[in-house]
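There are structures below to look over.
Here subunit A shows up in two complexes: once beside subunit B, once beside subunit C.
Coming up: the complex of A and B.
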């Protein structure tokens, strides 16, 4: 066996266990094909159960092999998890989005992968199954080992789907990024927010920025600062200062200096919080 | 990887090849099947010169391990001209001066073709988005956008489907 496109999950798990660590799963291949290829590949992109977006038990279930194009145009994701639609539309180019998948984006573990940043702001949980048929559920931010390395060993374990609580009344989400071009440019910073308002005050919030650490990073101090506050000019000013102050970032010769990146974290976090809050406001259109 | 037999639909004809499945679709098209219309630019997903349609969607063939196209439908620029006549999109590229050195053209035309298949009356912004994965180092894009807009109009006037 060397390149196998599987049509059932059972087939995928059997071929992984038969090759005892020498095979690895692949989805769109947009990341993997540019890296050192393993001995064999098990292609999941035609597995029916992991290529759908559906509502199940009150949650949005997004198959790991859903492409960025499909996620960005899913009416369910657009209506109830808007940050993810925005994150997916920011990835690479149409050609990359047409074949690159959400699961690949998470498991490739780039620190500022656009879909992963959006998913973490939404509080997404990953559902995984290993070659022993054991399943586990894990918050997406807990799947990172270090820069560009996932804790998930794709020669033994398959990410099946991502579960997101839909944004309903009073909740909104948003994603944004800043890069030198609108297409085919990795972000200097990307940021995403999910917020729940009650009577105009923030009751719950998740603010995520990247690249800060190996995993997209929640800005816990800034989240605490906005609890029970209105999302007005004054709060946003304080959010900007707090978010920039809360992170320690690295500069990159290709993208931008550390100082500029830190400044951008503040600006973009305030910006996504505002957009998410506008979407959450029941007086305006839903998320 | 060990060679294996890959069978797929290429430009409406079945193809069967015995090849290393980890070879890119781009090199298989050019070096094994002699279809030189698909261009090799960066070979890492950045330029769009290698764009082909895989099951009707534009993808970078340089990033597709050929093992992936098993049982799929692949369309290259060679499939657009019929009976010695080029496709209306190609005619408009010529008429509007959207071709200079021509290296990006096959990929640009295929991105336009994929767009018009899905959305026969695109707005200019949708055109810009559709070709955002195709770099042109000569034209500045304006003529390319014009060509795609007028190809859409022409196809609508002719009342014919895009294929």
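Coming up: the complex of A and C.
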């Protein structure tokens, strides 16, 4: 096995194309090292262009190799994309957050990956480049193939960054999860919301819950239900019923029954919508 | 020392600080220097690996080891067919070193290999071909007791490994007189002690010295005897040499006998040292967790809260082989009866064989599982009678001078004080709205007078070294619970020296005095008493020798040895004087602590222990009504363990034991799928993390008990016991409903709140 730590993107792309499918991209390796290792690994974690969080052209750009710890403590993310900071701080344990990356979280394609759930609620777009030097931009939710399989083939394509529209006046976001214990536990359910209020009514909303399907799942019916509604007790009650009713989930002996998980989807979606809406209070500047 | 040492490492502990004395062993652990069993290697050492059954129940038709033997690097292959078919066991003889004709659980040992490295050993295991004929299996202990259930062991009809029925007082009278009868069925899953270091053993076979096992055990002497018996070696040709132990919690009292016996057999067969180390998965699938239990319990109460009687029908789940499960079942079924003055008791307990992982013991020996049931039932009764659960407990709790329903003689007893202090500290009289409060009470023995009637006590040697320092020789093991620090303090106090002058040696069964082991909360009370006696014996010898040396009487005062005329003497001088006078001996004090025999009778009635420790815990909790999540805010742990020898380690015991209690209450438990352990990793078998623990406040009611050294009693096991009842009662108080199936997960609590049919 070979392990190459690259210092330029060009070097990374060249070594991937030279290995013609036998090399794979690695970042924190917290997921990859638990799987069958490929012939060679190309480590991106030293590439300056994919390890920064910055504001660019009115968007928040989050490098794919930004760690969960860095994202959770970034003042930009905390101020303008709070759901992501909360999602990242829920991952594993301090050790995992210190080396695990946002890009790895997305490409590993676990159905309830915490950062990915937050990103999808925020409407994040992924910027990718392949070995032919072609770039593309894709909504994060469109990168999933099936359970734990991404459409992105990391032997040919590199996720460079994630772009998020900042939550400004009248907009807020939030993430929450429910697990057996408070660290080192995959969630029974996690949920995230982004909401825009105008005159106290919901104008735009994205509600995401997982694990429901292979990809973190938007709850479209529930989103429609809250449009033009105030986020009050009555709406939240209806959101809870609607969200639980909208999903079909699986149960597992290790985590919880399907019925309980479905119930939790309702509770968590209502909670996370409420928190996001409180943060969207136009009196405050965003999250 | 030539190297200058930073001041913080040379801090001396005088008397004033001695209650917070920390033994140097702690430093080597926290700085990563300690050498554990898994770290050890020896020159020429081979690696052993065990082939395990993939079936829960099957007949072995054929084992073909030829391919494994042919692999380069393989030095020994062992199968059950090569071994004498003579079962061994701890409480019940039902195990063979390797299965000969039948496997009884997924993980049962079928063959073992030793090879030059682990990879080769693993490859060799895979190369062994076993032909099985699958048999019907039974997984549920209640099912296992039915007539039609498949039989695991031909010589244990009805799948009963052990059973007991006992009645004391008149239960029918109790139930006739009762104003209220409460009844519930409680279930507790199998629990793994989850010590951090998996069990590892290097066996060395030497024609001159015999077998040496390098492995850390809580009861090396007991294991040594079993290994010698199985191997048919003379006892003096088996020695256990203990490296630092990475946690035990009862799980390493006998550890994993298969590992010790198979590494020894492989060492004998291959002629080289052999190391077997369990993987974490093997720890879960073929270790020795504590038994699961189904406890049906019924209690008769008068309307004023007086407990009149209690009846229990208990089925414990043995798994495929017994280890200590019969003893654990016994403690589980009766120790709790002595917390309160209960005039009539009737208990039936049956230990059932099932096709699952065999079981052993865990800290508190099932007393905590029973605490969950009995203390829940008390709160259920209190609620029905509209009585304060604290008052109900105070009305019934045992007190000094009592003889309990099973004949335990209660000496010094601060149980009522513990209850009052726990309630006061948690805010029983000013409960916060929206919060639930739970109390519980416990008793636990301090060593056993009846477990082995010939070994009721302990012995120790305390030696004066030539440099004036002190060495204690004891068979009592320390694996983090602080026993050796306490021993150093006890000897230091008897000798009037600083505890830093004292070193404790316990690692070699060949040279250490015999001990029944680090179990049954006996070490401080029983082991410590022997240390005190040995140190006092040495002190007299020192005085005698010193007086000879200076020609006048001497005394020790404030750590200085002085003659009546004021001449100061170094302990080293006295040591050397004795050494030369005897041409080489070192002055040694002997301590033999032999408690009087108990009146314990055939029916199990009588006093079983020198004295008893008591505790009451109180919990403040909250429930998220929407999810069922149990949020525990605080645990107050009040203990009567006599005078506390070392507050630092005592608090440490409470924090750790409470954490394990929370684990068992809310998180842990084996999950099975057709006999296969479904959560055989620390990722899936969820012990609580630091974030999951509430504030834990230890309090000690320091009632001096003359039974133990300097008024002290045991603490190590009882710390876990009352957590279960207190958590369950606080949860029930907050939820308005009792969940009777451990662990108390959010899902189960929510199901109870929502009135769902239980799906788990």
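Just so it is clear, the second predicted complex is superposed on the first by the 283 of 287 C-alpha atoms of A that agree within 3 Å, B and C clash if a C-alpha of one lies under 4 Å from a C-alpha of the other, contacts with A are read in each partner's own complex, and residues count from 1 in each chain.
As a convention for this text, contacts are C-beta pairs under 8 Å (C-beta built on N, C-alpha and C of every residue); 3 or more make two chains touch, one makes a residue touch a chain.
Note that the coordinates shown come from a computational prediction; the quantities given were computed from them, not determined experimentally.
So, A:2: does it touch subunit B (first), subunit C (second), both, or neither?
First partner only.
Scan A:76 for contacts with subunit B and subunit C and give back first, second, both or neither.
It touches nothing on subunit B or subunit C.
If you tally the residues of subunit A touched by each partner, is the higher count for subunit B or for subunit C?
Residues of subunit A touched, subunit B against subunit C: more for B.
Can A:39 be said to touch subunit B (first), subunit C (second), both, or neither?
The first partner, subunit B, only.
Answer with first, second, both or neither: which of subunit B and subunit C does A:59 touch in the superposed model?
Neither partner.
Tell me the contact category for A:151 with respect to subunit B and subunit C: first, second, both or neither.
neither
Looking at A:30 after the superposition, I want to know if it touches subunit B, subunit C, both of them or none. Which is it: first, second, both, neither?
first
Which holds for A:129: it touches subunit B only (first), subunit C only (second), both, or neither?
neither
Kindly classify A:257 by the partners it touches after superposition: subunit B alone (first), subunit C alone (second), both, or neither?
A:257: touches subunit C, not subunit B.
For A:98 in the superposed arrangement: first (subunit B), second (subunit C), both or neither?
So A:98 only meets subunit B here.
Where on subunit A do subunit B and subunit C both make contact?
On subunit A, the overlap between the subunit B and subunit C contacts is residues 93, 182-184.
Residues of subunit A touching subunit C in their complex?
Spelled out, the residues of subunit A in touch with subunit C are 93, 178, 180-185, 253-254, 256-257, 259-260, 263-264, 267.
Please output the residues of subunit A touching subunit B within their complex, sorted ascending.
Touching subunit B from subunit A are residues 2-3, 5, 26, 29-30, 33-34, 37, 39-41, 43, 45, 69, 92-96, 98-99, 182-184.
Would you mind writing out the residues of subunit B in touch with subunit A in their complex?
For subunit B paired with subunit A, touching residues are 1-2, 4, 21-22, 24, 44-46, 48, 51, 54, 57-60, 63-65, 67-68, 70-71, 111, 129-130, 132-134.
Could you pull out which subunit C residues touch subunit A in their complex?
Per the touch definition, subunit C meets subunit A at residues 626-627, 629, 667, 671, 673, 678-679, 683-684, 686, 688-689, 691-692, 745-747, 750-751, 756, 759-760.
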